[in-house]
Structure formats: structure tokens, C-alpha cells
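Report on the following structure.
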Amino acid sequence: MLKNNIETFMACDKEYDESKIILFGAPFDSTTSFRPGTRFGPAAIRSESFGIETYSPYQNKDLEDTFVMDSGDLELRIGDTDAVLDQIHERAEIILNDGKIPFMIGGEHLVTLGAFRAAAEQYPDIHIVHFDAHADLRDDYLGVKNSHACVLRRCWDIIGDDRIHQFGIRSGERAEFEFAKTHTDMHPFGLEDVNRFVKDMDKSKPVYLTVDLDVLDPSVFPGTGTPEPGGVSFDELRRAVTAVCSALNIVACDLNELSPHYDHSGISTAAACKVIREILLALF
Amino acid sequence: MLKNNIETFMACDKEYDESKIILFGAPFDSTTSFRPGTRFGPAAIRSESFGIETYSPYQNKDLEDTFVMDSGDLELRIGDTDAVLDQIHERAEIILNDGKIPFMIGGEHLVTLGAFRAAAEQYPDIHIVHFDAHADLRDDYLGVKNSHACVLRRCWDIIGDDRIHQFGIRSGERAEFEFAKTHTDMHPFGLEDVNRFVKDMDKSKPVYLTVDLDVLDPSVFPGTGTPEPGGVSFDELRRAVTAVCSALNIVACDLNELSPHYDHSGISTAAACKVIREILLALF
Amino acid sequence: MLKNNIETFMACDKEYDESKIILFGAPFDSTTSFRPGTRFGPAAIRSESFGIETYSPYQNKDLEDTFVMDSGDLELRIGDTDAVLDQIHERAEIILNDGKIPFMIGGEHLVTLGAFRAAAEQYPDIHIVHFDAHADLRDDYLGVKNSHACVLRRCWDIIGDDRIHQFGIRSGERAEFEFAKTHTDMHPFGLEDVNRFVKDMDKSKPVYLTVDLDVLDPSVFPGTGTPEPGGVSFDELRRAVTAVCSALNIVACDLNELSPHYDHSGISTAAACKVIREILLALF
Amino acid sequence: MLKNNIETFMACDKEYDESKIILFGAPFDSTTSFRPGTRFGPAAIRSESFGIETYSPYQNKDLEDTFVMDSGDLELRIGDTDAVLDQIHERAEIILNDGKIPFMIGGEHLVTLGAFRAAAEQYPDIHIVHFDAHADLRDDYLGVKNSHACVLRRCWDIIGDDRIHQFGIRSGERAEFEFAKTHTDMHPFGLEDVNRFVKDMDKSKPVYLTVDLDVLDPSVFPGTGTPEPGGVSFDELRRAVTAVCSALNIVACDLNELSPHYDHSGISTAAACKVIREILLALF
Amino acid sequence: MLKNNIETFMACDKEYDESKIILFGAPFDSTTSFRPGTRFGPAAIRSESFGIETYSPYQNKDLEDTFVMDSGDLELRIGDTDAVLDQIHERAEIILNDGKIPFMIGGEHLVTLGAFRAAAEQYPDIHIVHFDAHADLRDDYLGVKNSHACVLRRCWDIIGDDRIHQFGIRSGERAEFEFAKTHTDMHPFGLEDVNRFVKDMDKSKPVYLTVDLDVLDPSVFPGTGTPEPGGVSFDELRRAVTAVCSALNIVACDLNELSPHYDHSGISTAAACKVIREILLALF
Amino acid sequence: MLKNNIETFMACDKEYDESKIILFGAPFDSTTSFRPGTRFGPAAIRSESFGIETYSPYQNKDLEDTFVMDSGDLELRIGDTDAVLDQIHERAEIILNDGKIPFMIGGEHLVTLGAFRAAAEQYPDIHIVHFDAHADLRDDYLGVKNSHACVLRRCWDIIGDDRIHQFGIRSGERAEFEFAKTHTDMHPFGLEDVNRFVKDMDKSKPVYLTVDLDVLDPSVFPGTGTPEPGGVSFDELRRAVTAVCSALNIVACDLNELSPHYDHSGISTAAACKVIREILLALF
């Protein structure tokens, strides 16, 4: 009898019970203010993942040796932002309750809020490590509070000062950079400070890692809604996420803002796949 | 002293007071269920309009001889659907109150709801003429009521049976086609019935015209979110809108669902521009 | 516990045992002489199928009411044509042996040869109904016998004269058209003859249906390796396959030559999805 | 010793002396008012021609049996329009003086003026058969006389009234259509009148055929600078050029306005290649 | 009463009288020798500018606090190069006469000649700072003197030796590099020498800044007519223009060679927008 | 009499007898496991080469002063891998027998095997210098031995240990990296070791240079089948190939894996052209 040849992120085809990490897609982009399309990110990552290897020569580890389940995409109620955040919250909560790490693939950055709420409930002393081109610290965007441009501000509403560690930020309103001075731990422009941060950070603290891939230079990652020239290289990001995931206590993470239709060459999706691979391997 | 060389839809550069028709863009696509991007429709239409002529050999009329103001795009509160519909409502209401015809360029089809509410308040006995590939008669879409897939159903909520005249419909759920049998005047698949409809229609009735450009075959109009093979030709749609706008009492209209990023050749935008030109000329 | 949200062709998620038709992808394009890329056809069809409805207003039937399993893609030994044909043969044979209809999605047209061999073994008196822009009757192509340009000739090697019914053919060498005069039942250029053929055809004969989508005009179906201007419209093909599948005894079928990377608008994939939907519904 | 494997238009690799028709490219687009890029037309046509067959089942003739030389592209002095027209004039003159038919591949439509000057010198009683979406009858375009938008008007300056036969025209200023009423033989919108025209035309008159491929509908031919929805189908144009070239005394011809970068699918180039093939075969 | 929602470069919506800098577009590309399309540069920059912030964290300044008017695009006489240069000359002259800084957005690099003539008349001791991949020092290009490939040579005709400071040059004929040795101040390949040059340069001298964006590496700026691998990064160019504009006496400037149709991802336009923003902020 | 204006790689239009280096294209991609299309590489390189200069300011040399013949593309028997390798073998052998350097342009990397066999027969003590992102050391790929993923392993079958020098490798199976440890001279990730290698290498040894352009970072070279983020810059590769070709005894070389359809901007083809130019100049 024939079995379905299921398409998952490469090698992430373990059963739920045996898995330590659970991937899921959150194909949502309704609050995107400039160019939408990140809803196609998770599917593109899944199907293009077959173009790269499961083995990482950087870490000398292989995804075939890990225990990860890709549970596919959520079916989100497009057009109702609050309902969508609840759906994400619920999925992350289930995974966290089962003692596993949820790894969400966006989607626009707002999806982080749903998963982070679940993580903060489970781990009240949680910190956030945030890689991004944009500060995402607006209080509202044209009057809308639950917007991708406000997502870290909404997280701050939950956990308050000095718990959000931001790297690579090179764009925002003046008010966001002012806000960051007193409320977050912002390291603008590059990733030079990541190693020192990892060294100094309390290793026992639970950490939520959120990677907005537009922290990469648009030359490396053109497939995104709001390209910001002047970003970091792939190797810089690869080294940073590896350092963070190897040393800190990551309890949940996400990666977002791939908008594949803006990059017909597919190099953005390839970059996303490799960052995911390196994160997964570093977590094992 | 230098004056700004303002970009409007070609030749639609009259002053508000002297204009009979007021164009405005509604760059919104947050409830789009498949491929977003119609928010870029109005801007693309405006800048590509310079590739076509102001004169129509079909009607032997010239836009230079008409009185139309293009008032640019609304700044919509992306992410808050209800607020967006209110913004559109308000704009259409102002124009209607001044005795002018609002001509809205979408955006996804849901934007029709905002403008139609204003028109139905002003003209309680209003009818709708609807060109589309999709029935848009769902009661909800994944639980969301104000969705592009439900927009004609929401209009029906306002005006009831036998006032919505649908042409070209070739896609929908079974339930939508069932609903249409008893509640709307649906002419599926082609536009063959338009001339007879125009002849039979009471010419005194106020009419809201809504054109979802995906009624066109995808070969003619590939730049849209949900292409539906099997549509009508450009000349069929051109003749149909000319017939409707020449003979009936159009009090408001819109045209929507151009998603220009899906068509690098620009033929979809050119088609949209020519349909707008023919409608405007037929209204004079 | 979480279940994987498997991606299949829309609504084709039944179990193998209960299914009458089994879909599978054959992502192979190694003998393509001009522009390769059809290997991405099955995956594109699967993921884009969510942009169209399961219900067909043409036939007033719904895929939700059918019994079809999409068993995913074969993992083919790219680079070894004979091995690939064997893999396809084996898959089709299993399905046929279980009394079900194999529905293969290519890939280039050569994949037909693998599945047809299995069908001809099971049904020695089988006929072929062939929709295509190209005759595919060369004896060899630059010395290669198992080439996409020779696939119907290879089928003729198996079943001989007057069993291959070709429609829409508008391209080939002079020798192919000469060959057709005495060996196949060719109806060049359009699909006008399909209805008469269906009427006259012995309804008890087993039929293999093979649809090369480039029979469609390139305006409707630009995403293919060898576009041939002057083809048929979507509605012409839709009506033809519906007629064939409703009236004749289809025992196996395939559809091929979608090369999605050549069509960024996605209209080709949408057309492929709708043709598949109409075939599936007509078979029930 | 190795010989260079020269790239020519398919099968047009005869020696100059034995050839009846000489192809050459005129890669010029400097007066294009909207979207440039037709300079890449001839090269695209040459390399994509290998995707189509040399045999035409429509005419049952094969390019392999004809005598045509493709002499490659002119090296034009981009930026100096008058010099470019002189270069084209000179090339056409040489070919005409040798009793051969020049077949120029543009480039923008202005290139016609250079070749037509040479033809009108050789054949003072020459007529023009003109397929186009645009009238091209402006006296000037923003003050520029030698513009693509004026090319037929410049030809009229040379040969005067009733010698220019225009088909398929569906775009222009009002003044151009007025001009046509008294000065040219214009058949707007479609090609229905071509057969009658061919029948009535004096067969002894020398004819210059100029095909602006944007006469085709943009769905068939999206790769052009100024797409005009509402055009003719490939088969309509194919039949028209075959009729003209089979029956009339064609002494020179050109085909222009392919802008390949606007059509990533390549269907426009394929259409151009097939039109050239059909013209060449009809001329033999 | 409704006011038009004018599209300008972001935040450059001041009145002419109050503005210090006047932006204008020069959409011209007729002498482009390879791939045209820069005529679409200014419009693309204007509409995509809404994807970036008005605030620069690099300089801690905000465009909202500056006085800049974007006066839209010139309507140029495409096809008549000399007339086009005169139109540009006239526009720059008006702005300079009013004591303001003209900031022209090309278009191809030849447009610099028109604006530079006006600036050199006003400021006879003017210098040029030139960022580019190409030397642009040919005396003629295929016999044409006023070509984009000759533009700095034409400027040298006006101001002579040692007044043109060239940075980033990595492409040209041997003769151009020879010419540069004795006539210009060329710093090939990178931008390492900019800071020293700025330090040493006489601060009282009037300076015309011309930025050919292809000085950037094609990975950062693929949307250009003649991509030259081996260029500088965005941050290198950003720092260089900031240094030049902050320290020197810029009296006029331009930025050119964005050809947006060659980059569907939009990263080139985003880079152009940010370079303009940084220049504008550094000039205040 | 007219002469054909042949399209060759720029300035490589010498006669065979006078040439030291013979270019030829091998447009083959049938074993490509992910995204095919490299068959279009040689043609793209040839036509886009006119966008770059023949003069290199890096080396201060000009292609006009060299003796290179571009002999066009081989007509390969697509679909029969062994026959294709034989055709390539034969072409390389002829050139080598005439004492010239064959310079093959792929195509996928497997084409190297055909040319290398000829070179190894002529020069039994030959070494390979290999630039690539991928190790290409698999013993088989899904059971296929002659696959692009195995090409260096097949070369190793011929020449054995310590004769293959690999640079830039950043992707492969664990088994390939294990194999490299004992059998090849692998320098993973970057090109830092090239200069030392060149210095240490025996200058009398014959060397086959094979450049898989995907060694470049995908930002620089997106137009390839299997983009691998984390690669080298254009200047790094340019310096490396210049060092190798200037100092070592290159007897044959190739460059491959450009898949131009994946990069509409053309920057990949421009990079390929410049690498070829720099190699050719360094060999003189």
C-alpha cells in the first residue's frame, strides 16, 4: 500500500512524541505596511529546503541525527489579526506544555507576539534576543497597535525593561531609538557585540530568539517586504545565531519576514533554510 | 517659480469644484486569502497610464475633454479592517454629498463595501452591477465576515434580493451558486447577457458599478491575486462596461484586484488603465 | 498531540484503500531539448491548488465528494532515463493492479512512456487520447530514442497503428506529419473534432489520456518549455477533457509540461490545477 | 580544424550570393517614448528560434528548403538618430541593389524609415502594408519628427496619399485618426479586411510590408514597449501575413517592437519567430 | 474640499520658496549603449521611498526637519539629445539663480552634462566629485560625443585638468585610464581615499557631486544598465557621500543610473532612496 | 558582399590556427538534481559579454591583444549522458592535440569530466584546481555515478590522491568531507589559502582549472541552480583565478554552473564574463 510522500522541512520528519523541537508555519502578513507576501515564506522554505544539505560543515553536525518534527502550517483566519494571534498562541502553548521547543516560521514579524505570549506565560523571567534591521518599537502604526512595526514594543509591554536584546537595528523612527536608550538593550547596525553579550548573559535565563531575516543585507536576502541596505552578511548572522543557540537557554524561537515572490532567484529562501538548519543544529 | 509636476491618472488633473467624477485609490489588501499585493494597484495604474492615449477610437472621445479629478490614494490604517472601511466610507460620502461620482480604484474587492455603504445611504433604491470571476457571496471566510470573498454578500445584507446583477462569475463554493439562485441576478461564465440586461433595466434606478478585473481571462490580466482561467476577453469587457455606463444611471463605481507585482510585463496594468478610460468616457 | 498538516492537491487527501484515483508526481525533465524546469510542475500544482475552489460550476460537482489520494512525488534517479522510466512503470503498475486509476503529473512528456507501459500490459487493447501542440512522433532526437520528442512514437512501438488519437497538434518535423498520415489518428491545430471522436469511439475500449498542457495557447499557459503560439483556449481544452473523461473508459491518465519558473504570474499553474480538477470530476 | 558554430535565425545560414532574402537586425530604441528595450529584439529572436521547428504544418513548407541569409545585427550609432537611419538605409540599399529582399528585424518602429527610404528610391510606386496597434501618424512627438510615433507619417511624406494600407490600428491621437481618413487606407481594430484588400490590390505593385508586433493582443505578445489590450490573435496575424506575402509583390519587409526583457516567459519571442518563419515561407 | 495627495520623494513636500534643495527627475536614457531603462529611475525612487524611514540613525537627523521640494519630473524631448540637455540646463539654472541647490535624479549619466553646464556657468571654479564604476572619459562612443560613456570627458572640456575627482572606477577602455593619469584625479577600484581627499580639499571651492550608483557592487545594486562586479558596499558609499556632503561646499548634485525594471526585488531602488536621504541630511 | 556579423565572446574572434586558447560551450544540464538551466549559460555569456570592456584595469591588459577563438557551442545529445561526455572529450582532445588550451563554458559541472578525461590522457601527471561551493565528491547520487554531484570523485577515480586542490567548499554530505580528509587537498569555506598554495605548487605540473561559479556568494551570483549562502566576493575570486592562471601551468580549464534564467538582473552573467576575461588575460 502506498504511503504519502509528505513534504516537510528537510529531515524534520520525526514523530511528535520523539521530537525536541516542533516547527510550524504562521503564514500571516495582514499588517504589513509596505510589501506583503511573507505568508508564502513557510511553504517556500519547506520546498526549497531540498536544495541544501542536511549536514553542516560549519558545526560538523547533521539534521538526520536530530529530533525535529515539521508540523506544517497553521490555517489562520486572515483578516482578523486578534484571532490569528490567538491561534498562534494556542499552538505554541501546546508545544511548550509538552516540554518541547516551538520553532515558528513566519509570516510577518507580528506573529512573534502570539508565540511570545505563550512563552512568557510559561517562563515569566524570559528574555528576548532579537535580530532585525528594524527596531519594531513603535507604540502604534497609523493608529494600529498590533502591527509588525510595533511587535517588540508589545513584547516589552509584557516583560518590561532590560529584557530585550536587539542586534543589527539600522532603521526606525527617532522615537524608537530614543525609547531603546532607556528600555531595551539595543546594539545598532552590526552584530559585533553578540559574542560579548552571549558571554555575559546569565545562562540559566530562558530566552526567546526572534530572527527577522531582513537583518541580512538585501544583497543576501532581497526577498523581503522592506529591504534595508547596509545589513550584515550571511556568515555574520550564521555565527551569531550559532553562538546564541549553543550557549543560551533557548526555550522558543522564530524566524520571519521571508517574502519569496520578491526574489525569483531563490537565494533568499536558500539563506533562510541555512539559518534554520544552523539554529536547529546548534540547539542539539 | 517652479510648480510641482503632479502625477495623476492621465488627464485627470481638473480641480475638485469643476469635476464631475472624483478618482481615489484604496490601497488595501489585508483580507486577501491567497496572494496579496493589490495595494499597489492604484499607484501602478496612475504611473502606467502614461503609456496609453487619452483618446478612444472606440468611442471617439478624449479624456482631455472631460472633467475628472484624481485625488490620489487614501492613507489607510492597514491592519484594522473596520477602520479602513470607515475611511473609505467617509471619502465616498463627501464626494456623493457634493453631487459628484466617486470612482474608487482598489485594492482588494472588500473596499467596495466601504464605498457602497455611502452610496446606499444616499440612494436607498440602488442596484449593483458586478463583473467578476468570483461570486463573492460567502457568508464568512474562515470565520471572518468582512472578507473580500464575502463582499457582495455584505452588500446584499444592505439591499436584499434582486438588486445585485452579476456577470462573468465562474468560481465559488456550491453554496454561493445556490444562494445566487434565489437572491441575486447571476449570469455565470460570460458577458453575453449584458446587452439584454442593459436594455431591460429601469434607466432611472441608481446603479453602483463594481468591476473586479479578474473577470478578464488570466491571459489578458495575469496580475491578480486569484487568477481564474476561462474568463472574458478585453473587448468583451470593454463593450460591456461601455454599454452599462452609457445607458444606466451610474452614481458610483469602482474597479479593483490589480496586483501589479505578479505581472512584470505590465499588460494587466495597461488593461486596467484602458478599462478606466473607457468607463470615464462612457460616463460623459 | 499534533498531526502533520500534509500538503496535497486540494481535497485529494483520502486514504489509499478508499480511493478510486491515485495522483502522483513524476518530477523529471532530463531529456527536455529546449528549456527544462518541468520537474517543478507537480510541486507547484500542489501548492497553488489552494488558490482555486474544489467546486466546479461547469460540472456542478465538488472534489470534496470524490475519492482521490495524492500520494506525493516519486524520488526519481535524475540522470538515468531508463531507471526513471522503470520507477514510473512500477508505481503505475501497483495502482493499476489494485484496480485504481493512476493519474500522473509530469514532468516532461517522456514520463508518459513509463506509465503507459504499465497500462498497456494491463490493457492490451488500450487506445491513447493525446492533447498536445507537438506531434512527439520522431523516431529519435539527436540520436536519443527515449526523448520527450519521441514519446508517442515509443507508445506506437507498443500498440501500433490507429490506436493513437491526437488533437491540437500544430508543430513537428515534416516527417512526423507524414508518419501520422498512415499510423495515427491525427486532428491537427484545434479541438473541433473531439466531440465527434468521442461519439464514434467504442466506449468499451480502455483509454489512456495524456494531456500535454502546451496544447493551450501560450497566452493561457506561458509556463512551459516550448511555447507554441496558435493554441487552444482554456475553455476549449476544458470542454474536450470533460467530454473524453465523461464518456470514455479512462483507465489511466497524465498531465504534463508545466514549467512553473517560466511564469511568475502563476496563471499557468492555475490553468493546470483547473484542468486536473475538471478531469477528476469528470471521472466520477 | 574547428569551424565556428555561428548562431543565425534557424536554418537561415545560406551564403549571400545564393540567397533571395537577407535578414538583418536593427537594434535601436532611442526614440521609444514609454518603455525601451526593443534593441534586444533581434538577438532574442535569433537565439530563441531554436525552440521552434523549421517546418510549418500550416503551409506545408520547410525553411531548410529556402534560401535565406541571416547577416546578423548592424552596429548602430546609438544616440544619433539620423546617423542610425542612414546606416539602415545603406544596408537595405545594398541588398535591394543586389536584387534581393531585405528583411529587417527591429528595434523600435522608427527603423522602418531607414529601410523604407531605400525601397522607395528603388521602387517609386511602392505601397506599404502596415500591421500595428498604433497609427504612428503623428507629425511630431514632443517636437521630435523622427520618432517611432511618427514613422508612418514620415513614410507618407515620401509617397503621399492612398499608398499606406493600415490594419489592426486601435490606438492614437484623435488627429491621427482624422489624418487617416483622408490620407491613408486605414482598417481599424481587426484584420477582417485583409483578404478583400489582398484580392483587390494590384498584384504588380511593389509592396513594403511592416509588421509592428504589438498588433497582437498583449496576452499573446506581452514583450513590447506599449502593450495595447484588444489586439488580434496569433492565428489572425499568421493568416494575414501569409495572405499578403503569398499574393502580393513584397520587395522589402520588416518586423519590429519585440522588447524581450518585459516577457520572462519567452512567449513573445516565440510568437515573433513563428511570424518570421511564416513570412519567409510565404515569400518562397 | 479635497486636496490632491501628491506623491513626492518622502517628506520632500516643502514649498519652493522655503526650500534650500530642489529635487527634480530627468527621465532620459537614449544614449545608453547596453541596457536602457533608467528613465524609470526617478518615478521608482519616488514611489518606493515610502518603504524607508525619514529618520537616519547614522546621522541622527530626520528629513521631516529639512527644507526640500521635490518638483517632479521634467518632460523631456526623448529622441533629441541636445534639446534634452538644454531642458535640464534650464531647470538647473533657474534653481541655481534662486540660490538653491539643484538635486537631479537620472536617468542615464549623460543628464549630468546639462546640469553641470548650468553649475559651471554660475561657479567657474567648480570641481566635480564623481562616484562611478566607469570612467566615462571616452572622447566619443561609436562616433557620438554626447553619450553617457563620455559625460565626464564633456565636463572636462569645460573645466579642464585636475578639477574632476573620481572614485571607485573599475571599468573603461585603456585610453580612458591613460587620459585620467594626466587630466583627472582618479582613485580607482574603492573608496579608501575619500576621507583623505575630503580632508585635503579646499573647503571654499564649489563642488558638483555626481553619483553613478553603479559604483555599488551589483549584489547591492543589480538594477542598472551595465552592472560591474567588484564594487563597493552600501556602507562604504553611504560613508563617502556623507563625508563629502558634510564637509565640502556642494552647490549642485545628481544621482543616476537606477534602471528599476532589471531588479524585481526592489533592493536597488531602496539603496538609491537611502543614498538620497543620507545626502540630503548631510547637506543640512 | 555582406559578411555575417558573428556573435562570439567579446574580442574572441581570432582564427583557429593563430589562437592559443579555444573557447567552446557545453550546454548540458541533465543530471542537475535541483534547478536545471545551465544549458543556457554559454549563450548568455556570449551575448552579455558586450556589456563589459575588453580592457582590464586590474591587470592592465586587453583582450584585443590576445589570441582566442570562440568556437561556439557543441550540439549535445541531451538525454544520453555518456554520449555527451564523449562529445566533450572529443572536442577537448582535438584542441589539446593541436597544442592549444581548451576553455569550456558549461553547463552543469559534470561536463568537466569529459574535458578532464582528454586532459588527463594528454598529461598523466595533471593536477586539478577546483573552486566551488560544493565538494562534488559523492560516489553516487541516488544511484547515478555520472552526476554533477560526483564529478570530482570521478576525476579522483582517474588521478587518485593528493592531486585535487579544492577551495571555497562549504557544502556537502558528511561523507564527502570525510573523504576529502584523506584523498584531496581541501581548503573549505574561503580562498585565504590560495596564494600560499600557488607559491608552494610545483610550477612545472600541468594543471586543469575548474571554476564552479557558485563558489561566489549568491548575492554576487544568484543565477545558479543550487545557491549556497556564505560564499566569496567577486574580488576574492578574481584575485584567486588571476594568481592561479598567472603562476601555474594551466593546460585546460572550464567555468560552469551559470543558470541565467534564475537571475533577471543579469549580474550573474556579468560576473561570469568578467571572471572569464580575467582568466584569459592572466593566461597571456
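Residue numbering begins at 1 within each chain, and the chains themselves are lettered A, B, C, D, E and F in the order written.
Here, a residue touches a chain if its C-beta (ideal position, glycine included) is under 8 Å from a C-beta of that chain, and two chains touch if they have at least 3 such contacts.
Quick caveat: nothing in here was measured; it's all calculated off a predicted structure.
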item	value
Labels of chains that are neighbours to subunit C and to subunit E	A, B, D, F
Selected interface, C-F versus A-C, where C-beta contact pairs are more numerous	C-F
Repeated interface matching D-E, over half of the contact pairs identical, chosen among C-F, B-C or A-E	C-F
Interface numbering overlap (same over half, different under half) for subunit B and subunit C	different
Remotest chain, subunit C as reference, centres from CA atoms	E
Subunit A and subunit B, separation of their C-alpha mean positions in angstrom	38
For subunit F, residues contacting two or more additional chains	35, 75, 217, 219-220, 261-262, 264
Chain-level touch network, classified as line, ring, star, complete or other	other
Chains that touch, pairwise	A-B, A-C, A-E, A-F, B-C, B-D, B-E, C-D, C-F, D-E, D-F, E-F
For the subunit C and subunit D complex, residues of the former touching the latter	34-35, 169-174, 177, 188-189, 217-220, 222-223, 226-230, 262-264
In the complex, subunit C residues that touch subunit B	50-53, 55, 57-58, 60, 62, 217, 219-220, 234-235, 238, 264-267, 270-271, 274
Residues of subunit D touching subunit F in the complex	1-8, 16-17, 22, 43, 47, 69-75, 94-95, 261, 264
List of subunit A residues in touch with subunit B within their complex	29-33, 35-37, 39-40, 75-81, 83, 141-144, 146-147, 261-262
